[in-house]
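To keep things simple, chains are lettered A, B, C and D as they appear, and every chain counts its residues starting from 1.
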Amino acid sequence: MYSRINRPDWARLIAIAANEVKDEVGEGAVADYIPALANVDPNQFALSLSLVDGRTFHTGATGTRFSIQSISKVFTLTTALNYAGGNLWDVVGREPSGTGFNSIVQLERENGIPRNPFINAGAIVTTDQLVSSCENEDPIDKLLALVKDATSDRNIGIDGEVARSEREWGARNRSLAYFMKSFGVMTNDIETVLWTYFQQCAIAMTTSQLSRAGLFLAANGVDPVSGNVITTADRVARINALMLTCGHYDMSGDFAFRVGIPGKSGVGGGILAIVPGLGSFAVWSPALNKFGNSHAGTLALEILSHEAGLSVFLDPSR
Amino acid sequence: MYSRINRPDWARLIAIAANEVKDEVGEGAVADYIPALANVDPNQFALSLSLVDGRTFHTGATGTRFSIQSISKVFTLTTALNYAGGNLWDVVGREPSGTGFNSIVQLERENGIPRNPFINAGAIVTTDQLVSSCENEDPIDKLLALVKDATSDRNIGIDGEVARSEREWGARNRSLAYFMKSFGVMTNDIETVLWTYFQQCAIAMTTSQLSRAGLFLAANGVDPVSGNVITTADRVARINALMLTCGHYDMSGDFAFRVGIPGKSGVGGGILAIVPGLGSFAVWSPALNKFGNSHAGTLALEILSHEAGLSVFLDPSR
Amino acid sequence: MYSRINRPDWARLIAIAANEVKDEVGEGAVADYIPALANVDPNQFALSLSLVDGRTFHTGATGTRFSIQSISKVFTLTTALNYAGGNLWDVVGREPSGTGFNSIVQLERENGIPRNPFINAGAIVTTDQLVSSCENEDPIDKLLALVKDATSDRNIGIDGEVARSEREWGARNRSLAYFMKSFGVMTNDIETVLWTYFQQCAIAMTTSQLSRAGLFLAANGVDPVSGNVITTADRVARINALMLTCGHYDMSGDFAFRVGIPGKSGVGGGILAIVPGLGSFAVWSPALNKFGNSHAGTLALEILSHEAGLSVFLDPSR
Amino acid sequence: MYSRINRPDWARLIAIAANEVKDEVGEGAVADYIPALANVDPNQFALSLSLVDGRTFHTGATGTRFSIQSISKVFTLTTALNYAGGNLWDVVGREPSGTGFNSIVQLERENGIPRNPFINAGAIVTTDQLVSSCENEDPIDKLLALVKDATSDRNIGIDGEVARSEREWGARNRSLAYFMKSFGVMTNDIETVLWTYFQQCAIAMTTSQLSRAGLFLAANGVDPVSGNVITTADRVARINALMLTCGHYDMSGDFAFRVGIPGKSGVGGGILAIVPGLGSFAVWSPALNKFGNSHAGTLALEILSHEAGLSVFLDPSR
């Protein structure tokens, strides 16, 4: 096992990881709840690293854009915390749910307060708070502004077809939103909030862009390349904690167990994973395991973590 | 905010923490499900640090023994993994449960397989595996041997009164055990397993002993003082991951959010918390919050984490 | 105890029942989820009997209209069965739910199929089937036509203020509808179905009208006064069975236990109860017990059942 | 459709029913949780009627004894109500559970109070009350005395092999009992209560004996043949109500919907069904549907109900 401080040969390590998962790419099933995702070729793989020292490493289709889907919840949460502040925690918890990403059972038992901002219900109420923080600004523009600041890349946007498809097939999310509204948890017009939510899910990025977008989470809130202040260290500690405990739906514990670093997956097949003090990893492979997380992507991160001793639960100096 | 690498003045920090929580000691309620715990004076507090460099720091009643209760699940898991190996994961999961520590609901929905080894059902099945690994040995002796190796202290044992009281008032745990047996998950005689389980919950330690007992978890499996190999680095990464995601019952996410380090609490009012690469913290104050975790103990750890930048989700070098 | 065949003195019996519950009228709370119901005076009581032999008996405010709310589910089910036929049972079950009237938990566990047509979700999907059976007809007109046929009274209609209020405050029902839509259980436009649903809940009737409207259920499907065929005997057996097992939300078993006849309550404070072969009882008193059923109304029916030996579980000849 | 008052030709009707279900006998699966039941030949069928006028009708293997299993809950409830009185309702409810017969989920949500006396947990707590009512008497003797009074047949007893097998494989019921004990709902020693419970489940009867044993439930509490007073009319109304709402586990609503009379099934393949004022029906065929109720037995009762207009939800005079 490498140690984080022993300066691993990253180019070689990501090649090893990509090679080891080669036969697993395509195993599982792509998300099929909207046509725009169902038609994605499952046999794709990309892996990008952005280190806090400025170096980047890439393998696979790292220039192909994909729908980041639930990974956007990380950026929405960051934006909402920046603007809405701690009041967010009045309407959303920070506990793992023990149920699937779109489950409504817990909402009924707990008075419409979602367990955490990374399940759908929690992300919708987080989006509601983001909408509330906007006066003459489009909440999506506010969110994209943060992503652009984090990446120093103006060329990041929404896949309109995916966004419209999400809205058309959005009955389950609509149900979650109205359910919370019936408990008085939602503040704004439901369709306005949902359209913001569907758009953020439809943000399209490459792994190269995504790994850079997460780099501030490895560096206490400041993008170390540009020096842009994205958020505070205090919020970073909390966002990373939520990623670790809740970032992979009802497989979050398993990801912590096997990979040992904060991560957030999306049903588009992407995963963003953070090694505090070291860097940000983005992996993409569209075929999902039964919990809705990229099968090959999870495996690649597990291999990297093991080979480079990335787990936050190990002594980084040994 | 201090940084971990800036060598905080620990003596001063623990004095600050102890002072800040002074008025909170006694807030909440002591566990009352057995008389032996119900009679404990809630107005007690102790905090001990054992660092990987060998230094220790203490404040409060660090020489008073208390019932470590569920903290023992950490040592039982370590022992079971050492002897029973990976087969344990066939009968217990590694996901947060989203329910209380003694909930049975999830067991029914998931065929008698408990969510993780740190809820009661999961600890009972872990104990069952430990019992299976013993031939002519008492499983409790095996467990105590590991604790004694970790602490280099032979003077650690069971509080017999507490153990007998647990057995007498053990209907809920008995129900969990028989429930799992009905799904074929349990291997050994139920009362034999439960008696082992009740005894391990009744292990009595001081915070001084406890912080030392957890030190191998901060040091990739080896007690850095004695050099005793307690378990492998791989297992440490996983045990710490489980502590972070599942160590505080249905408040685990909140502990990760506020404190940001792996921890395991017990209804006796103790908490063991690990900072990989730095050290092991033990805190004790018997009055519990509504989730069953020490109120003042959690606060003290939150203060220390904030002051010394302990969160595993922050860059340790900044 | 009187026997059903001993021809009780009904005028005297309903006077006794009304007198005995006098002090209970107003106990409980009126429904407050919409302003139109929250403002109703709780201190009202009315009781009407329509017997299969054509006689009627009345006591209290039997000329005051009230919102029949969920009692309308009986008439909607009858209409839907008449027009949509047995296909209805592909999308709704006939089991008690074991949960509250607007619970969504069971829907998630059972793929969006509601347990029975008398909880909100089940009534919404029944309404969806009714809408599907209409081509150039307004589904509400179809439903009202059945009620008018059953009562030979053209003067029954919708309280428009209540209907609009239901729609304005309908987030929970909207959530249920979208949830079922996400499972493919709903066929028509959600707002169209809900508007039909909200209107039927807002049907306003007196107890005099309501007892007559239910008379066909005591007489194998034919209104014995007018001879109008409302539905088949087979459907009556099933509708009454559903009223007995599911007619009082999560207090249905208690109503069967204490009163022993098929009944359906509404949050407007009305209850329709059927004694097969004898007659139809309508009671109204707006203050509800904690399960959402009229407190005084339930008591009055319990007294009548006991005094006149009405329970379908007793030998009617003894 | 025949009417109840038109004196159907019962001999012919039961022959028709037996013939119509002939090809369905053996469909489904026999209970296999204990060896003593798993070895029963599924291809058996028996049907007996005992009418309040003293006549009896039989077809099939009506002289073969079978394990009445959960049908015994009816007799235990009657005995407990006779001796323990209304206090029983402090520790058990009377609502359908909406879950399977041995589910523990609801117990956790509702403080250890089972939903009704006909699910396992409810029958165990009912047995506990029966045990409490005994001083120097064996509770099983007390229960058997009631059954012998009802049948005027001293030759009814326990199948010892089944009782011992139940005890050996009783982990799930043991779990339910200890769970309720943890909430303070159980009064007596758990193994004593369970042994009584396992024995009553192991009562062996023929359909001939069983139909006679239930006759008092069709006749307001008095066996019309012997004149023996078994219980009060008030209790009969309530026991029958519970059989209708809760007698077939999570298929009770369906049985009410299709058959329309109070009934109680057992996993031995028997069903006891009551037509108040008319008579008591016992059917037996060991192969069960997925809800644990006799497949052919349910069908035979549905045919009889339809042909003879037995539903309590129809006008008996039409």
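As a working rule, a residue touches a chain if its C-beta (ideal position, glycine included) is under 8 Å from a C-beta of that chain, and two chains touch if they have at least 3 such contacts.
All figures in this text were calculated on a predicted structure; none of them were measured in a lab.
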item: Comparison of B-D and C-D by number of C-beta pairs in contact, larger one; value: C-D
item: Chain at maximum distance from chain D, centres defined as averaged CA atoms; value: A
item: Between chain D and chain A, distance of the C-alpha-averaged centres to the nearest whole Å; value: 55
item: Whole-Å gap between the CA centroids of chain C and chain D; value: 31
item: CA centroid of chain B to CA centroid of chain D, Å; value: 48
item: Contact graph of the chains (line, ring, star, complete, other); value: ring
item: Residue numbers on chain A that touch chain B, as the complex places them; value: 1, 52, 93-99, 106, 115-116, 218-220, 233, 236-238, 240-242, 244-246, 250-254, 256-257, 260, 262, 276-277, 311-318
item: Residue ranges of chain C in contact with chain A within the complex; value: 103-105, 107-109, 171-172, 174-179, 181-182
